Amino acid sequence: MAMRGILRLGEVQIRVLDMAEAKRHYGKYMGLHEMMTDAEGKVYFKAWNEKDHHSVVLRETDRAGLDHFAYKVFDDATLTELQRKIEAFGIAVENVDAGVYPKSGRRIKFRVPTGQEMHLYAEKEYAGNTLGETNPGTLPDEGVIRGMRIDGLDHLFVLGPNMADTVRLFTEVFDFDLAEELVDEPGGNQILTFFSCSSRAHDIAFGMHPEPDRFHHASFRLSSTEDHVYAGDLMGKYGIPIEQNDRHGITGVKTIYFFDPSGNRNEIFVGGHTRYPDTPKLTWTMDHLGLAAFAQSLHVPETFLGVST
Amino acid sequence: MAMRGILRLGEVQIRVLDMAEAKRHYGKYMGLHEMMTDAEGKVYFKAWNEKDHHSVVLRETDRAGLDHFAYKVFDDATLTELQRKIEAFGIAVENVDAGVYPKSGRRIKFRVPTGQEMHLYAEKEYAGNTLGETNPGTLPDEGVIRGMRIDGLDHLFVLGPNMADTVRLFTEVFDFDLAEELVDEPGGNQILTFFSCSSRAHDIAFGMHPEPDRFHHASFRLSSTEDHVYAGDLMGKYGIPIEQNDRHGITGVKTIYFFDPSGNRNEIFVGGHTRYPDTPKLTWTMDHLGLAAFAQSLHVPETFLGVST
Amino acid sequence: MAMRGILRLGEVQIRVLDMAEAKRHYGKYMGLHEMMTDAEGKVYFKAWNEKDHHSVVLRETDRAGLDHFAYKVFDDATLTELQRKIEAFGIAVENVDAGVYPKSGRRIKFRVPTGQEMHLYAEKEYAGNTLGETNPGTLPDEGVIRGMRIDGLDHLFVLGPNMADTVRLFTEVFDFDLAEELVDEPGGNQILTFFSCSSRAHDIAFGMHPEPDRFHHASFRLSSTEDHVYAGDLMGKYGIPIEQNDRHGITGVKTIYFFDPSGNRNEIFVGGHTRYPDTPKLTWTMDHLGLAAFAQSLHVPETFLGVST
Amino acid sequence: MAMRGILRLGEVQIRVLDMAEAKRHYGKYMGLHEMMTDAEGKVYFKAWNEKDHHSVVLRETDRAGLDHFAYKVFDDATLTELQRKIEAFGIAVENVDAGVYPKSGRRIKFRVPTGQEMHLYAEKEYAGNTLGETNPGTLPDEGVIRGMRIDGLDHLFVLGPNMADTVRLFTEVFDFDLAEELVDEPGGNQILTFFSCSSRAHDIAFGMHPEPDRFHHASFRLSSTEDHVYAGDLMGKYGIPIEQNDRHGITGVKTIYFFDPSGNRNEIFVGGHTRYPDTPKLTWTMDHLGLAAFAQSLHVPETFLGVST
């Protein structure tokens, strides 16, 4: 009980068109720490304050998008139990041995109804945040927090068909809460759904899309409003294209959307509701799309609805 | 799985010496909303952004301190299961019918090893935060957020004997994580322990004290650093005695400690680590007490160690 | 010496199409305090932390725009001396007796080369900020700081022809510093000019426009980044149209542009360079217009260049 | 007119007991940039966003304190005029040739009534802030803003006898405004005086002290509340002794006082009133010393009154 089962988004593997440019974007500009390059040339990053070995993996290829995303679970028994439940739900699960994904324990691998490849794992090599576990203090040495001063990879927003199955999978099998939803009309179809498995506003979100396996964005957590402004200033300095700088009505986070050089969308955010499983679901309707999506400007850029990778 | 079991601190009942002064402090100064007065004269408050009917109950009497604290659990079945586990642990549990505590479903009631009366409950009347659940937007009307701009009651710090039993109860029975601890020496006795049942830094904390049932403080969550500064400015305006304005090394929150007119200690805070059950426990040693307690000034006021109610 | 001569923007008189809507916008939404209505129906406002009687005057008529703007000068002798210098510069000056403009001492009145009516005055009735001048403390009572939490009217941006004369008038006659400029090419024509008469980034700005007497915006100062975000949230809540939320490269301020119900553009901002008369002029070139204007997104909305009142 | 005469505090020369420790404190910890060491071993620093060559000079010797402070004036003619006025006031003035103080134009040198050596100068070698003067953008490269993220040297607080003469000198000769004062009783003696020569809350302050030439502190300006918190966190990390972290009632700035390794007091601050020459003087009385000095805690540490160098 308490906080168990699926804990958090632990890894995204993103396809990039040019690794040198991508390393500059995710490394120098965003400030993630480059941890290693594997034999296939994939590059592994972590945010300074993440403790597992890596959270972002970049793979160079000729098409942008998301290879897979992976959530960390409480322990190995959880993994076994979830495999049983996912298969009972009717989704085929593949077992992957420890070490196949570098620094990672065994995984289970399957496709969610929206078409993305999802992994679950219970173990990843520990790297720490440079402060240690005994009398760590509060600040790392100068230079460890850099670039956009990102605290950690936080959540994911993906697109595809089969929203109803997605909701069933995440609530009934994964025990996430459906925290918020955007519906076409009161009592109508779900266009967007936001799920939480923690005391935070959301841990994953889905949007309806006719094509499966579309990637909308991966989102990174900042520590303060001032760091949010600083990140926006850095984007201007480095010429990173900003799509929107606003407040989400849904989840309440202060957000900036921007693009990596391959056209993958990134988000940085700060704040957002503290929520619990007993917090009633919030429902937003399409006639309030502006407020739901971008609650300051009430304006939704066409690209935000139309562009995915 | 995900976030289940015990969810959060939902209620503290605090003894005050003068209700008029206490209402001014918790109501006008701190900005909590007064919800009702019961037949016995107890006054019920909630923070604007809490959705259950109340979280702070004040009872006027001739001795300051804490009557009880109550955590909300996921559902009624959780309550039944926890009763079984608590009794199996060797603690006597009393059943309290719904409605005995106003606006509350049935409760189970027992004493934790440090001597405080703890309740668990699954239901409390819903009051909402004025925004509703459909297209709520992000800001309530002018005047709803007031005083210290408190978002919600957050956690509790209590004192008493029997630390080892406390750790066993909260980790083995309640499935909280022991997130951080202060020990007298490496591998030595636990002086302070901090437990999390969420993705936040702590949900309850305990300190060694020879006497049982001592109340150190109840803590309230703010939304931004700027609100933290504003709350400090308000304390000066209203002549509320500040004990310390600093950063905790443990948990990483920015804190201000102050006293209500009866001498009960309050805390407001912002920030703190995002943590998960797989985050390694952080250990602080007494020779780094300054850094552990107040990581900016490294100074621990004598009252902070010596005064409780 | 020290800070003398022209001190600051003290008043703007703005034309609005519907006074009820305008009062809601400048009063309830922006949080300015309504001070009085004069015999002609003009409504007078001040920001809570301004000490003179009013800074914003609204006049209802059938065309939006700016009636006049007025700067406060050090003393009456300054007014006399400035009249002499302005006439020597070749601009006709009209004398206006004390009391013609309510609560105001005598004024001198003339048209700047860009066509706007400008006033100078040395006296205005004192109203205070509710805190008094003896042991004022730091915070007014609850409710005094409201709406967008504006600290004060700050500066002005107007459009018209005759940029070279404008620069000569403001630097040679008024002793302002040309702090920053946007030029069409290195060494080329000035498109935008920003002048400071204080230790702040700018006190007035001008843009080239073929038509005289065009009003781009009046700008209001906030006290913190968090209040800036809060103001943006309020704009969404009240449906106030936001034009841009970004950082200015020029002056370095964090800005939001929005419109009043009559189509007059307003700005709120926070921050910006601390500057002095010995700070070298900063020059921006049209090929860096994005960075100069909006240094996060590098995007300049067409309305920002095309819409004025 | 506008902003002329004396512009700002441009230089402090501080005596330190151990240069290696002092360089670590002012360089690595505070984040000032080391610019040069002169033939006598004095070390010169500037804050990243200051444009003149240096603002802080450290001299190693066996007694802590302040050698001199220097204000920059508008131009050479101002220097000549001020020399005449200072001598007419009855203070002896010494002329110092350009270059005697490295990177500096000619100076005039004299003792203020409180006993400190004060300089005035119109020229100092330009160093810039790394951004240049053409299309500078808003952010320097990573690593330029470091340590306590100080924007610039800001103001000075010194102690000594002869308060009445000090007030006459700064208001009648230097044309500063007496912005705020602390008096022993209404209409009584001035204990503390705060003067502004800009649109900011204060540019220099004086306190009564029986001994002449005592140094209370030099103060450095930050850009945001978040940087203020960050600086406090750094002080804890580096073990820098904090004397007080609070809000000043006088001037309204958010402050932290701390000590360099030689015992000289430093201040970092953010915010404070925007003020103008027409802002009425604020008067604080000794029976409100707590509010005047530290408006959150209302507590004045004994060291704050008793310790100077």
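Each chain carries a letter (A, B, C and D) given by its place in the written order, and its residues are counted from 1.
Heads up, the rule we're going with is that contacts are C-beta pairs under 8 Å (C-beta built on N, C-alpha and C of every residue); 3 or more make two chains touch, one makes a residue touch a chain.
By chain, UniProt protein names: A, B, C, D = Catechol 2,3-dioxygenase.
Keep in mind that this is a model prediction, so the values were computed, not measured.
Engineer: Of the other chains, whose C-alpha centre is the longest way from the centre of chain A?
Structural biologist: D
Engineer: Check the residue numbers that chain A and chain B use where they touch, and answer same if over half are used by both copies, otherwise different.
Structural biologist: same
Engineer: Can you check which chain pair, C-D or B-C, has more C-beta pairs in contact?
Structural biologist: Ranking C-D and B-C by C-beta contacts puts C-D first.
Engineer: How many Å are there between the centre of chain B and the centre of chain D, using C-alpha atoms for each centre?
Structural biologist: 43
Engineer: So how far apart, in whole Å, are chain C and chain D when each is placed at the average of its C-alpha atoms?
Structural biologist: 31
Engineer: Would you mind pulling out the distance in Å between where the CA atoms of chain B average out and where those of chain C do?
Structural biologist: Chain centres of chain B and chain C, defined by C-alpha means, are spaced 47 Å apart.
Engineer: Multi-chain contacts in chain B: which residues touch at least two other chains?
Structural biologist: 137-138, 224-226, 233, 236-237, 247, 249, 291, 295 - these are the residues of chain B that touch more than one other chain.
Engineer: Going by the touch rule set out above, what shape does the chain contact graph take here: line, ring, star, complete or other?
Structural biologist: If you draw each chain as a dot and join those that touch, every dot ends up joined to every other.
Engineer: Can you list the chain C residues touching chain B in their complex?
Structural biologist: The contact residues of chain C facing chain B are 28, 137-139, 142-143, 146-147, 224-227, 230, 233-234, 236-237.
Engineer: Going by the contact rule at the top, pick out the chain D residues touching chain C in the complex.
Structural biologist: Those residues of chain D that touch chain C are 1-8, 51-52, 72, 74, 78, 126, 133-138, 151-152, 174-177, 186, 196-200, 221, 223-226, 247, 249, 252, 271, 274, 276-285, 288, 291-292, 295.
Engineer: Inside the complex, what are the residues of chain B that reach chain D?
Structural biologist: Those in contact with chain D are residues 225-226, 229, 232-233, 235-237, 239, 242, 245-247, 249, 254, 291, 294-299.
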